[in-house]
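A short write-up of the structure that comes next.
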Amino acid sequence: MKRIGVLTSGGDAPGMNAAIRAVVRAGLSRGISTIGFKRGFNGVLMRSSSNQDDFTVLTSREVSGTVHRGGTFLMTARCLDFLEKENQIKAVENMRSLGVEGLVCIGGNGTFHGAASLKELGFPVIGVPGTIDNDMGYTDYCIGFDTAIDTAIENIDRIRDTCGSHERASLVTVMGRDCGEIAFHTGIASGAEIVMVPEIPWSIEEVAEKVKWAAMNGKNTMIMIFAEGAGSSLTSDVDAICEGNESLSGISGKYLTSSGIARIIEVLSGQEVRATVLGYTQRGGSPSAKDRVIASRLGAYAVDLLAQEISGVAVGLKGEDLIYVPVEEAMNSKIDPAAVSEMASLIGTLAGI
Amino acid sequence: MKRIGVLTSGGDAPGMNAAIRAVVRAGLSRGISTIGFKRGFNGVLMRSSSNQDDFTVLTSREVSGTVHRGGTFLMTARCLDFLEKENQIKAVENMRSLGVEGLVCIGGNGTFHGAASLKELGFPVIGVPGTIDNDMGYTDYCIGFDTAIDTAIENIDRIRDTCGSHERASLVTVMGRDCGEIAFHTGIASGAEIVMVPEIPWSIEEVAEKVKWAAMNGKNTMIMIFAEGAGSSLTSDVDAICEGNESLSGISGKYLTSSGIARIIEVLSGQEVRATVLGYTQRGGSPSAKDRVIASRLGAYAVDLLAQEISGVAVGLKGEDLIYVPVEEAMNSKIDPAAVSEMASLIGTLAGI
Amino acid sequence: MKRIGVLTSGGDAPGMNAAIRAVVRAGLSRGISTIGFKRGFNGVLMRSSSNQDDFTVLTSREVSGTVHRGGTFLMTARCLDFLEKENQIKAVENMRSLGVEGLVCIGGNGTFHGAASLKELGFPVIGVPGTIDNDMGYTDYCIGFDTAIDTAIENIDRIRDTCGSHERASLVTVMGRDCGEIAFHTGIASGAEIVMVPEIPWSIEEVAEKVKWAAMNGKNTMIMIFAEGAGSSLTSDVDAICEGNESLSGISGKYLTSSGIARIIEVLSGQEVRATVLGYTQRGGSPSAKDRVIASRLGAYAVDLLAQEISGVAVGLKGEDLIYVPVEEAMNSKIDPAAVSEMASLIGTLAGI
Amino acid sequence: MKRIGVLTSGGDAPGMNAAIRAVVRAGLSRGISTIGFKRGFNGVLMRSSSNQDDFTVLTSREVSGTVHRGGTFLMTARCLDFLEKENQIKAVENMRSLGVEGLVCIGGNGTFHGAASLKELGFPVIGVPGTIDNDMGYTDYCIGFDTAIDTAIENIDRIRDTCGSHERASLVTVMGRDCGEIAFHTGIASGAEIVMVPEIPWSIEEVAEKVKWAAMNGKNTMIMIFAEGAGSSLTSDVDAICEGNESLSGISGKYLTSSGIARIIEVLSGQEVRATVLGYTQRGGSPSAKDRVIASRLGAYAVDLLAQEISGVAVGLKGEDLIYVPVEEAMNSKIDPAAVSEMASLIGTLAGI
């Protein structure tokens, strides 16, 4: 193997640059050069007016000073066109014409789908898990998760300061799509009293009851963590709650926002509640040590496998050990429900309500 | 003078604890003991069932380990009842019955109004400027501002990472009420291309035009800072813009949110735009060195003045010098328009569009 | 079980407070009250003039607001007296007289020795691994390690900025006693070119050669990580190197400091080298999300085991799973040499020299 | 004016990149192009084998994404050769041959000397104050100071955590050369009990006495800040103290280090004392908001002045106002002794010993 490619695709995650750097340098240490494709699979399709916009040869010096940078310097984007077979075939042709003999794809589930389609065409690929959501069950860890929760708790520590000064409760929305991992870890780490996640049914009435009860027992500040996908597991009839209650006019179950939920909790509990949406701050930032180390290990391992002619797999971590599984198996692999239960139970135990 | 009081009122600001600590220790160094009133002027009204809920004698040891804590350990709250004369008279009586001979009031404009009403009744007060908005013209600086902008830029640096990866523009809403100070400083410090503030008229069309033009010139990431009060200086006819444009349906000029503005800019410019509201994260957090130092200086200075029988004033900074002015003069003092112009012009110069 | 005890002993580690909090709250959720002993095993010996100086009953409210605090609010200290049997017997008597039926001991190897001696006397103990050194082989992780490396890389990122400006190399000393874990993780995460650890023999001449070679190849900034115990694996004859070299006068192999090593590298390589000792900054600070989560899980798990009448064990993590092993087995368990080799090899691969 | 130059010289300081960026963009907004000289005055002497190593034309895009970076991307170095007249003449010739009509010199006192020598030759120069030491009296502020003290207190907050756990005192050495500004601000901001600076005579015996006394009064943790130049104002006879005291053998007044001082305090006071040297961490790191804003303002102002044909001056801040003074006057201007006294007195007041 003389030349490989690397790309980042889907949502970006802190640590992606460290993974790219590791691919490039692990390649060079084996005499393999690396081409970086830009904007995920778009770069492989090579449709820009100038090739330089699509890919670049990555030297050792070009990845200097990247290990601690957030985002991905190869940029990333979704690529709907890549769902079509003819484009996948074109991609393989493009790579072969550049002498690229294997491709390292860093990203989440969508990225692994793209990689799997290249594998079907007989092209050697390796998937590297990079998504702050940490929502892939085949691996203990996805690059970016640690930084995302560190950023979240740093901001929630701040919110707690001002909530404590004003004796308010706070509803903080965190990322995670269909997965409660960010919410659970953020919740435990920030000492949150309540966590709402898509995996576990919950009702606004019950949350409000807890807030009320905690306030009566002298707890004048509470943190509630709301996973962005937690609306899907809400069992309350919001419209029925709001109907006839003037202070809740304008809130509807159909277009329920986290600030609507905060307002309902406020009215039902009689405690002041403020809503904050952490948003895109969780995706960026200099990666934590953990993310840099794991990204470096996974990136180097991907090249090791390609050099050993092992491909069509996604790499990951089980405990401290590097592992790999077929990329189709990695796709859509779910978080262990037992882990979800342990987390949910721990939140309840530690809340001290 | 044997005993003084201290309170924090209105919105909290990082550094308030450092100011309280300085009042207490500067007092002790002169043989003056300090009572901390809780929840702003509410504590002075002493209406809780237990006195302990209203005030506490602050020893040197009780303010140990507070200089670096966010929020205010005396808690804070607005106190509408304090607008009534009879309550102000009651407050003076309460303080006299405790032997309190002077009161240090840490907060913003509303707090200074409360202090002024006590002054009118002949009670010695000192106002200490503590508000992240930095919106008081009589002083160069209000406690909390530096930490608030540091927090904002730390989060915006993160947002820029992910915007850069995805080649998106970002609209970031910062605090500041009627004042653009936070927005200007945040904008310059984060290298923002555009800043929207209440002091300067602006139109969405013009902003969108700049975004479009910058993208055409190869700038694929832009940061726009939106001061929370900037809606007031918007000159565009939002309803006219949105009318007949299906992708803008549901957005109205009457209930315009920052995400509505982001969406309009996106549609008009053809560039992806994401909105983030930094919210309460800006109010909390461990104070910056600057906030700790200035809070310490101002708190100690307030006690110096009381000990010299100077009162009825608000303390502040001009350059490196401690100053004081009559508290009524400090109230509602406005930011120098020349400074606003300099900042606005600097943003334009540095944008590099 | 109605009452248990908890203590922190040995060097402190970020996350110890989160572990104490979890013990207390997990206890309360099962109707068990917790006594916190102060200053490690000293508190159990109860020799202070006032009992309050030795222990305190920990309520749910008393552990509020501790999850994000660095250090340990129970304080910690070594206790040489606890090596004597008669004192261990006294400790058991003291605990029984307070109704304490089990003891959770949070700390490193020395702490586990103390716990093992109580086990020998038939007293139920649980060891919880808390040491920034992460030097215990029976568990994948010890509380405090993640924060320590995050702090180290944050400071090394700063050092790299100034080294880059001045085109200097930097030798940074990190903690870790006899173990290279902190140095390896810090090295990979900070993009260090060279890591010196106690587990692997190394020579100054070779390091200087690499620095020289890298500079000749256009690398004008280098980070070298020096584990505090790495002097033990140095193979060079320092006195021979320094002899007759005037610029190295005063440096001796017997009292070799990291700044002495930096100076020798500088002279041998002809490149400017600056030395920094990160020191105690690595022990403190608000714990990272990972440390807070793992400390919470381990603390709650310790109580679960005691409630199930399982004791005499140390808890830990294997992958994502909570585990326990006999406390004597946990003591002195070594890091897997294969992991050490992987790390050392990865540093070489990623250095890009 | 069609073209100017910019350089950074002497020790680097966070915010220098923001100043360079402001120079470039303020230039472009007036139709002036900017050449960046590398490694301070060395770049102007143009002695490298390749011109690219000496200078580069800075476009708007090249300064993109630099406002938040630590260090200086133009690099910096001292340049002893520049003390010689013939080299200064050569520098002017070099600049003129490139069409450079004015030079912005960012740095401290040494840099201003270089600038003054060009002024003497009739070449238009502007000095911009950039040094973490904040040791120039003509301006209220030098770029980099705020970040340096923020970094220092962040690390001291960590040290305090571990000192508190172990009930130790801590002696922390900070930068500042002959100036106590960093030490004073760091001391007040970190709640330090004692600050040792070059401006004020002090004795180890007195410090030890305070430590002893504070411990007797229940203060079990103390932070002492030691300015790196404070040895010069030490009045104690160290050799006399150490003589005959076995636990102080090896410590001499001639080669006194901060850890020697810590050890003496420990022995004299009977309290455990640990020493930490913050070192180069204080020079690097992403600049604080304040440093970015002031650097941007000063950089743009320097260009404004050149465009108005005002030169031979150093720019600075008085309060919120931009000012300039002749560069010779700026050189060696001293900190106001009254400010030093206020700081020293405030430390004593706030210590709460």
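Each chain gets a letter, A, B, C and D, in the order it is written, and its residues are counted from 1.
To be clear about the criterion, a residue touches a chain if its C-beta (ideal position, glycine included) is under 8 Å from a C-beta of that chain, and two chains touch if they have at least 3 such contacts.
Being a predicted model, the structure only gives us computed values, none of them experimental.
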Mind listing the chains that sit against chain A and also against chain C? none
Looking only at residue numbers at the chain A/chain B interface, is the share used by both copies over half or under half? Answer same or different. same
Between the Cα centroids of chain B and chain D the separation in whole angstrom comes to 29
Distance in whole angstrom between the CA centres of chain C and chain D is 33
When the centre of a chain is set as the mean of its C-alpha atoms, what distance in Å lies between chain B and chain C? 40
Which positions in chain D touch two or more other chains at once? 157, 164
Chain pairs in mutual contact under the definition given at the outset: A-B, A-C, B-D, C-D
Can you list the residues on chain D that touch chain B in the complex? 21-22, 25-26, 28-29, 60-61, 63-65, 67-68, 140, 146, 149-150, 152-153, 157, 164, 185-186, 188-191, 218-219, 286, 288-290, 292-293, 296-297, 300, 318-320, 339, 342, 346, 348-352
Chain B residues within the chain A interface of the complex: 8, 12, 14, 16, 39, 69-72, 75-77, 151, 155, 157-167, 170, 274, 276-285
